[in-house]
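Down below are the structures I want you to see.
The two complexes that follow have subunit A in common; it is paired with subunit B in the first and with subunit C in the second.
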Partner chain A sequence: MATKKALTGVKRHSLSLIFLFVGSLLILFTMLTLFNMIFRQLVFDTGGLLEAAADPEVIESIVLTLYCSFLATLIGAILGTPLAYVLARHDFLGKTVVESVIDLPVVIPHSVAGIALYALFMSRSPVGGAFSSIGVVFEDSMWGIVVAMLFVSTPFYVNAAREGFQSINPRLERVARTLGASHWKSFYKITLPLTVRHLFSGAVMAWARGISEFGAVVIIAYYPMIAPVLIFHKYTTHGLAGSQPIAVLLILICIGVFILLRVSSKYWEKKK
Partner chain B sequence: MITLKNVSHEWDDFSLKNVSFNVNKGEHFIILGPTAAGKTLILETIAGFYVPRKGKILLNGKEITHTPPEKRNIGFVYQDYSLFPHMNVKENVAFGLKMQKLPKREIETKVQDIMDSMGISYLENRLPSTLSGGEQQRVALARSLVIDPEILLLDEPLSSLDPRTRETLRDELKRIHEMKGTTTIHVTHDQDEALALADRIGVIMDGELVQVDEPYRVFNEPVTEEIATFVGVENVIEGKINSNQEGVALVETGNYTIRALSKLTEGEVNVFIRPENIILSKVRLESSARNSISGKISRISQFGATFRVYMDNGLSALVTKHAIEELGLKVGENVYASFKATAIHLIKR
Partner chain C sequence: MKKVKNSKTGISKILAAAIVAIVAVAAIGGVWYYTTLETEEKVLKIFCAGSLTLPFEDIEAQFEADNPTVDVQLEPGGSVTRVQKITEHGEECDVLASADYSLIPSMMMTEDSDYTDWYIIFAVNRMTLAYTDNSKYADEITADNWYEILRRSDVKWGFSDPNMDPCGYRSPMVIQLAEQEYGDDMIFEDLIEANCDITVSEDAGTYIIDSNLTDLNPDTNRLAIREKSVDLVSMVQEGGLDYAFEYSSVAKQHDLNYLELPVTIDLSSADYADLYKTVKVEKTTTTSTGKPIVYGLTIPNNSPNPELAAEFVEYIINESGQTVFNNNGQPPVIPAVTNDISKIPENLKTYVVQ
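Coming up: the complex of A and B.
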């Protein structure tokens, strides 16, 4: 009797079990790819990893990557937060078009994005020329890296922020206004604090997306080398053995930073 | 106190049409109407979230049609209470006073006073998500009353509570209104709530204010058939006035004649009789001020604690279980449905 029950139990859950098995193949694929590289590096070539970690060129490029992506995220947040709020709160003619434009960078091949950015921001173009007259040059410069990262990471921040604002009932702001808060103040005192978690996780995603960008950056700014470009450069000149230690180092640092951000945001939330 | 003059506005899928009414100081005015009749939109327009395309809103004789919500001093309690989830009860209540930039000590005293009078002081450090519906309701009320609003707007304040809490809070609303005397505009679809609290009732149907009257008149002398049906006058019989003798109209309905107190002297009418005003008996109750109409019981169904008895003469009556047993009422039995001439309301067709 008991066995029969257990059997029907399995039968009843058979769909979930099979789905779980199929799904775990996908997880395995991702994990195996990364774990294989990290494990082999750590076990068979610890020296190479330490050497990479001690190489100023490598460290400089990783710091540059994190910093440029941070700047891109900051600019994206400053410009993207108001946009996300408007999209979450208002319906207007052409809203679907605006939303599609925001998502465009996700579907455009990044080499194409790089070429487009280069054409717009090179010193010979009107826009690039205007910037270079105030001393901001994009070709082979940090600002080139930042615009490329901004272009590809924008959708991640704006979409997360918009979802955040959408999750806040507009009635809260309305009540705040009947209690004497101006529209600005009700946004600042009510909506913003309630959305900060969404904004933060959107920023983390955008930042990660910026760090991982290669295609667009490499076209507008091969130098100074960000880590993904350096890794590609080493791969073409020194092969797998030359590029893998840097790749592993970058992955380890990124994973470390993400864990730190996750933990700190959890702690922050609990404190509130 | 507050006056709406021909207020009209269109939204994507709804419009308010020429809404006009006036609420006096200290009055508890209830806007009664079915769901999706535009009740919340009227309140939101009064609060200033929408500027009506046509018409005017006046507060104490001054036009406020274009005044932003934060400058109107009008309190608002939404159906879902809309407490600020990231602030505890005390911070929620203090919010409006902080916006007025009052001195800290004054805020402290006022917040404490209102929380004491609402019986929510023990909740002061709790977050809204940990409160029951009734508690949230009190906090929302305290938050809007602490700023001493000119007008308090209540959007279905009792409808998301369980029946017992609802009754308690209904009495509480009455107590607060008597204590503070705040002019209140309150929207609901619940007739009991309206009857229990309203000084006057405005009935809204499909974006239009169709009747503004004292509660008694709305329930007993509805001006249209829609209102009659909505407020529960469920016996509607078509007829024609034959004559009127000293204020008593004789209405011919085809099968029987109804005597109704009315000023109408002729024409086609609808006769409205509330089911609870009909008495059932086995013998004819003879009286000049009373109608007594025979009929056969076609159906008996239970409605909460009472029973509704349907007859083949087009009438239905509400009776108690006791009455059913006492009279031995069964489907197929012959009975007399009696009701006073004063319990009838005639509306011209």
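Coming up: the complex of A and C.
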């Protein structure tokens, strides 16, 4: 936490400058890696990029990726918001265990997660069998992609939502209730509006995480091919020249969507 | 960081300093450990086909136990890319072992690309059908009826993507070769064409299998196609699939049961090379022709440690090496065969015939 001791102008200056320099190295690392690829693609192989953008197979796979991750995020948000609220507001026996379980998907190697998901959701398993009796099949289907993305993206949403709820003083809810609001109403009218920014940025992170998933998806649903699988397929069969345009296209579309989301959430904030 | 009360400042400062010191020592110590580890020992670099990783790890352990100052480093990968690392990227390696011995004469022994003048054929692999005791009809399946069992509508089976994995393009080859072996010209149609978008056509005695598609569109209720054959191993073990086409090495190394298919269709014997080459698979990139899966090795001219490399090769082709390959489902060629016995290192001559 920031100390209240006032820093002298020079000191503050040197601290900020050094921090700025050190911090920019990290940003530079990320940007150079990505921009180098994007730049080379745009300048030296514009044709390849346009070709990829005009290929229905590529566009279908990118749209499928964005959509499946959106579905996974939606399911994660519907189930994860109540969980995050409970974790933020209540202490109970085994809470640390629950919190660790939420984080587990981050540490499990993705191919292992894929095999575990396959074992649970294959149509021959009890769970997968129950779903397939109502027409939901996971092997080589959109639903397989969604569960894999849900599995890996859950921690990002739940953790962001929990931090959001924790940042709201429970007294506000109590005041609302002393004024006659029900638990439901105080949650809906007070807590939710104040945390919506956290929920939103958690959802964006979860969505992004879903889009980038490869290892878990490829085991349960090799087909239909999501963009990361298609990129790997093209890399194996056609090398860098075949895979890079698709990767750059995916990055450009994602950057576009991210900026749009961030700007609109900023605008939303201001309006309030 | 948490704000601390003044009375505890001293202790927490010491604690913080201790933590910083531990982290710094761990970070620097780790770097020191790993860098000196590499410099103190002599490094023997081995490029090998991915499917040779496990047996080569066994041989590596034996070799390092006998030669404690040598660090054997395996770099497994696709055989073609292994060779290209030497011929195109100019990388140095001490032993090259390819899953297709013919890559050595065709890519390393030409006038333009002269990296060696000999090779040794030391082991083979075979296409098999892998399964577990829980697979449907596991108690009935034999080398005579496997294609009948795969035809049954309640059986699920798989092979890997022909465009992504050599085991993948060899699987439809086996199925096409089976038509002649069993005298049943519906096998390919029933197993492949009915379940996915791969097709076959005949042209003057050669069968051309067309898998030039990114999406092979398998019927999920019957057939699973995956990026690589190892993914199918997990699926068979989990019971989601009953059977998968795998190399005998992969099946054995993962403790699966496997069906030994007739030598006329399992791509394991150089004696049937003429028969195997009657099937071809058109992929999204190139066309692959049926060939026996025969492993070959050589010591490239640019090897930094040729004597040590020759010693390592001896561990591969001597009796204990043969045991290792047998245990890994890659039957050794006994005795190993070379193209030119006058060119191979002296210590290997007793193990090899021309």
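To be clear about the criterion, the second predicted complex is superposed on the first by the 246 of 272 C-alpha atoms of A that agree within 3 Å, B and C clash if a C-alpha of one lies under 4 Å from a C-alpha of the other, contacts with A are read in each partner's own complex, and residues count from 1 in each chain.
The criterion applied here is as follows: contacts are C-beta pairs under 8 Å (C-beta built on N, C-alpha and C of every residue); 3 or more make two chains touch, one makes a residue touch a chain.
On a predicted model such as this, the values are computed, not experimentally measured, just so you know.
Student: Following the superposition defined at the top, how do subunit B and subunit C come out on subunit A, clash or fit?
Tutor: Here subunit B and subunit C can both sit on subunit A without a clash.
Student: Touching A:L194 in the superposition: subunit B (first), subunit C (second), both, neither?
Tutor: first
Student: If we overlay the two complexes on their shared chain A, which of subunit B and subunit C does A:N169 touch? Say first, second, both or neither.
Tutor: In the superposition, A:N169 touches subunit B alone.
Student: In the superposed arrangement, does subunit B or subunit C reach more residues of subunit A?
Tutor: Touching more residues of subunit A than the other partner does is C.
Student: Would you check which partner chain A:Y118 touches, where first means subunit B only, second means subunit C only, and both and neither mean what they say?
Tutor: In the superposition, A:Y118 touches subunit C alone.
Student: Using the superposition on chain A described above, determine whether A:V137 touches subunit B (first), subunit C (second), both, or neither.
Tutor: second
Student: Rounding to a multiple of 10°, what is the angle at subunit A's Cα centre between the Cα centres of subunit B and subunit C in the superposition?
Tutor: After superposition on chain A, the angle is 140 degrees.
Student: Considering only the touch criterion stated at the top, classify A:L230 as touching first (subunit B), second (subunit C), both, or neither.
Tutor: Second partner only.
Student: Just checking: does A:T178 make contact with subunit B only, subunit C only, both, or neither of them? Give me first, second, both or neither.
Tutor: First partner only.
Student: Quote the smallest CA-to-CA distance from subunit B to subunit C in the superposed model, rounded to whole Å.
Tutor: 19
Student: Under the stated contact criterion, what part of subunit A meets subunit B in this complex?
Tutor: For subunit A paired with subunit B, touching residues are 169, 171-172, 174-183, 185, 189-190, 193-194, 272.
Student: Spell out the residues on subunit A that touch subunit C in their complex, using ranges where they run on.
Tutor: Within the complex, subunit A touches subunit C at residues 1, 57, 111, 115, 118-119, 122-125, 137, 139-141, 218-219, 222-225, 229-230, 232-233, 236-238.
Student: Please output the residues of subunit B touching subunit A within their complex, sorted ascending.
Tutor: 44, 47-49, 68-70, 72-76, 78, 80, 82, 84-86, 95-96, 99-100, 143-144, 147, 149
Student: Going by the contact rule at the top, pick out the subunit C residues touching subunit A in the complex.
Tutor: Residues 1-3, 156, 161, 163-164, 214-218, 220, 224-227, 231, 234-235, 238-240, 283-285.
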